[in-house]
Amino acid sequence: MRIAGKRISANRAKAWLALIPAVVVAFYFIWGFAAYTAYLSVTKSTFLPNHEFNGAANYRALFEDDRWWVAYSNMFIFGGLYLAGCIGLGVGLAILIDRLTGKEALFRTIYLYPMSLSLVVTGLAWQWILNPTIGIQKIVREAGVEDFKFNWLVSPDHAIYTIAFAAVWHGTGLIMILFLAGIKSTDPEIWKATRIDRIPAWRVYVSIILPQLRATLLTAVMLLGFQVVRSFDVVVALTNGGPGYASDVPARYVFEYFFQRGEIGQGAAGAVVMVATMIAIVLPYLYFEIRRREA
Amino acid sequence: MSNGLNPGAESAHDNLGENRACLPGGHCGGIWQHPEEVEGKTMKILSGTLAAGGCALLALSVSPAFGDSDVSHNWNSENEAEAMRIFRDKYIELGGEWSDTAFPDSEASIASVKARFIGGNPPMALQSALGGVMRDFAEAGLLQNMDEAAEAGGWADNISDSIAAVGRYGGHWVAAPVFVDVINWMYTNNDVLDAAGVAQPDTWDDFTASLPALQEAGVVPIAIGGDSWQEAILFDHVVLAVGGAELYENLMTGDAATVAGEQTRRVLEEFAGLRQYTDEGKSGRSWNDTNTLMITGQAAFFFMGPWAAGGYGDLGPEGGSWSCRLTPWDASLTVVADGFQFIKVTDESDMAAQVLLGNAVMDPATQIAAARAKGTLPVTTVAMASDFEGCPAKAVEAMAGSTSITHWNGRSADVGNAIKDTASALWNQAIDVDAAHQQLIDKL
Amino acid sequence: MTRRGLQGALLYGALFACAIYFLAPLYVMIVASFKTLAEVRESSITALPTVWTVEPWIKAWSSACSGLECNGIRPYFLATFEIAIPAVSLAVAIGALNGYAMAKWRSRAADIIFALILIGSFVPLQLFLIPLAITLRELSIYGTSFGLVLIHTVYGIPLTTMLFRNFYVALPDELIRAATMDGAGFFKIFSSIVMPMSGPIAIVAVILVFSGIYNDFLFALTFGETGKRPIMAAVQNLVASSYGIKEHNVNIAAVMISALPTLLLFFATGRFFVRGLTQGALKG
């Protein structure tokens, strides 16, 4: 028994050895860096980091900047639409494919392939289609509907929706696959039972199967949320924040302030507000889900 | 800003040098940096260097760990790249080894250099407008002292004192000014105007009156792209229309009464009013693509710098199917010096490369050839008016008789950003004229 | 029509309608990349080329200009693989080991590290840019391939760790316990029992991490080596700064070429991918 105990503690030590990279990543490259950037947000850093204390001046400048508020609220508009779009469409497609008897692989591939493309490619591709002077608007007009209008890409009020539209195209497939797997893993006996009771198929999905897939939903929300905070590429490639700054997002705003404008202090303040927002949203959800599962 | 002086007008066609000598000194006084003014900043440089030294203690030193002898630039249009090729060939001829990184616009190349400063691996030189950014870099002690090379290479021999001052900071050479870009060009597709039965507008009222007719004719009256700097260039022309050089200068220097005044408000109103005469595709469009609209006869007017002229070759000579005119409704020129900033490097071979680059771009014959390729004016006084044709020749001529004012791109980053931000926000309907006016008052 | 027939028609109708949304961009890009410049400007984006040409692809690959360099996107391709291959190997290997340590040698501290990494993957990458630049400078690898290998390894680890941990949690603890009783140590168990069972999740990890690195834009843009920028930054730059009359067909071909590796990888490994994903990522 003592020997086994010793061996276990030796193995524990080795486990810690194996965890060194994770520790370095967690404490240095993630949270250490985050702390350093938080520190920069209270310095007078311009295009080079410096260490002169600046109090809350960068935050004040940030909160007085209209551009920031546009970018910040865009993150929620985009995030909300993106999550709703990907999950809504993904679940819908998963159910449709589940109903299929053949050709399942074909449709699955069609819906999933965009995920393999980069968001830069996604943005550039949709840019051509959504551009009113060469894309959908032009095609429909040439087909005879001459006053057809679809100029969201260049409309300050709607540009952010086109970003969600392109991003949903990119992200739906993964969600569909996750839910499809979830649906397939539910007990087939359910179908026999409900058939006897003559319950319509859609009710089986909505009332019986989907409620069992809370864990899948958690995974989906996490994977998509991860994309929302990193929504830099698709914005740069599709609208570059335009027209003006109507479709700007915090990720791009911060990048611009770091490097183009050389206002590292204010950019860092923006980054801190971003991460604080994310933590405020993710942490309670994560906590709640973990508690639920442990119960 | 001085005005009224008009020396050199008679010799305008004879010798560009004479014009050049009077241009920045006479007309651009207070805009190009005066040497005396610059001396006073030595203290600032010193303190900047000290601050940088302090940073080093905190493992944040800005001195590069190693160099990479490349040039960051945004000369990516066909004629600009040709100019860069001419400089490159001279540099190689002098014995250098060339590498460069091109960016879509100046903002991107400056952003890259800023990131590389933090990473301790900046390029050896940055091509950009010589203005606020250069002063910021110099103040932080990030630029190389090129005095020795300039002395040995005789950089100052063939340029006017005021241009030489542009390349110096604190009395030391940190940059090589190579071109004087006149920014306020109006390109016109004459065929489009003819087809719509519209005459060349000479006044602002003519111009605005022509726009509905052009729109009626099914073309885009005003070609513009989606970058804030493009919007700000259009804005320049409106400022000149409302209040000429005086208003422009007062706005740029943040004269409180002017910024808050009625004229500024009118500028904003007129500017916002132009929006309806542009096309839907403008958002996100680069200037090159926008130029294509002009070349292919889809648009009538385009307000852009000298770099756009090179694209019109397919339409035949200037004055035929197309023309370039300096803002017709005002005699002022908005100008900015373009050149190469030398970044502080420690590697011996990089420093040698900088000397070669400096000598290559300051070589009068090379500079003239490159200016011809780019369609702009060299700083060298050796250039003759006869060296130029088409648009640059017009600029040479105009310089003699007009007031030159420094374009926002040659001023501090704060001024440039204030103009770009406000113009862009108003243009893209993020704010209304009232809010835009307030924003200008706050920022300038 | 019978009720069942109607349902079938509706089902297929809905699936086809969605398929159009997903296929349209690919279709538009493919046809545009085979058109001549004149045609790409004149014709509708949905029209098939009247004359098919591979010229745009050749030009995009080997002679499109960005600045003074007219080498197409070929050099950036090789540069990207130079970065991606070592980074993927490292991130997957380290992630597997970490995931194993966390899943099978659970301790409160390991759980906390996992939570920190998990929440950390929600931290916007922008927070890392400035300290990363400073770190790379201190290591004298800013603007080199090494720098990007380090970055991608480091930020690939959270994902690989999560994938492997979730996969290993599902392996029966008895396996480990029995092996321990037989005298096998931590690394021995990993190499002889755990690793051989990791095939499906390893494939998923390789695909996801490779795609992530290959498709990365932010780090490529900020830390890419001069003249050897990773592909996405290079393509975006090419599209934004190509000069003269914009050659949309060449630009689109360049975008298509840049998309091909991950697209082909997906088509080649799709079956594994779906299977691996459903076995691994789901069981959190």
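Should a chain be cited, it is by its letter among A, B and C, assigned in written order, with residues numbered from 1 in that chain.
Keep this in mind: a residue touches a chain if its C-beta (ideal position, glycine included) is under 8 Å from a C-beta of that chain, and two chains touch if they have at least 3 such contacts.
This structure is a prediction, so every number in the text was calculated from the model and none was measured.
The minimum number of touch steps linking subunit B to subunit C comes to 1. The interface holding more C-beta pairs in contact, when A-B is weighed against A-C, is A-C. Computed from the mean C-alpha positions, the centre of subunit A lies at a distance of 40 Å from the centre of subunit B. Averaged Cα coordinates give subunit A a centre that lies 15 Å from the centre of subunit C. Across the assembly, subunit B contributes residues 60, 115, 118 that each touch 2 or more other chains. In subunit A, the positions touching at least two other chains are 49, 134, 258-259. Of all residues in subunit C, those that touch two or more other chains are 129-130, 134, 222.
Residues 41, 65-69, 129-130, 133-134, 136-138, 140, 142-143, 222-223, 226-227, 237, 240-246 of subunit C touch subunit B in their complex.
By the touch criterion stated above, subunit A contacts subunit C in their complex at residues 4, 7-8, 10-12, 14-16, 18-19, 21-23, 25-27, 29-34, 36-37, 40, 49, 89, 93, 96-97, 99-100, 107-122, 124-126, 128-129, 134-135, 138-139, 142, 169, 172-173, 177-178, 181-182, 185, 215-216, 218-219, 225-226, 229-230, 232-233, 236-237, 250-251, 254-255, 258-259, 264, 267-268, 271-272, 274-275, 278-279, 282-283, 286. Note for the complex: subunit A touches subunit B at residues 46-51, 66-67, 70, 127, 131-134, 137, 151, 153-154, 156, 159, 238-240, 242-246, 256, 258-262. Contacts from subunit B toward subunit A in the complex involve residues 51-52, 54-55, 58, 60, 62, 107-108, 110-112, 114-115, 117-118, 136, 140, 226, 228, 279-284, 413, 417, 421, 424-425, 427-431.
Note for the complex: subunit B touches subunit C at residues 59-60, 65-66, 68, 70, 73-78, 80-81, 84-85, 88, 99-105, 115-116, 118-121, 123, 286, 288-289, 292, 295-296, 311.
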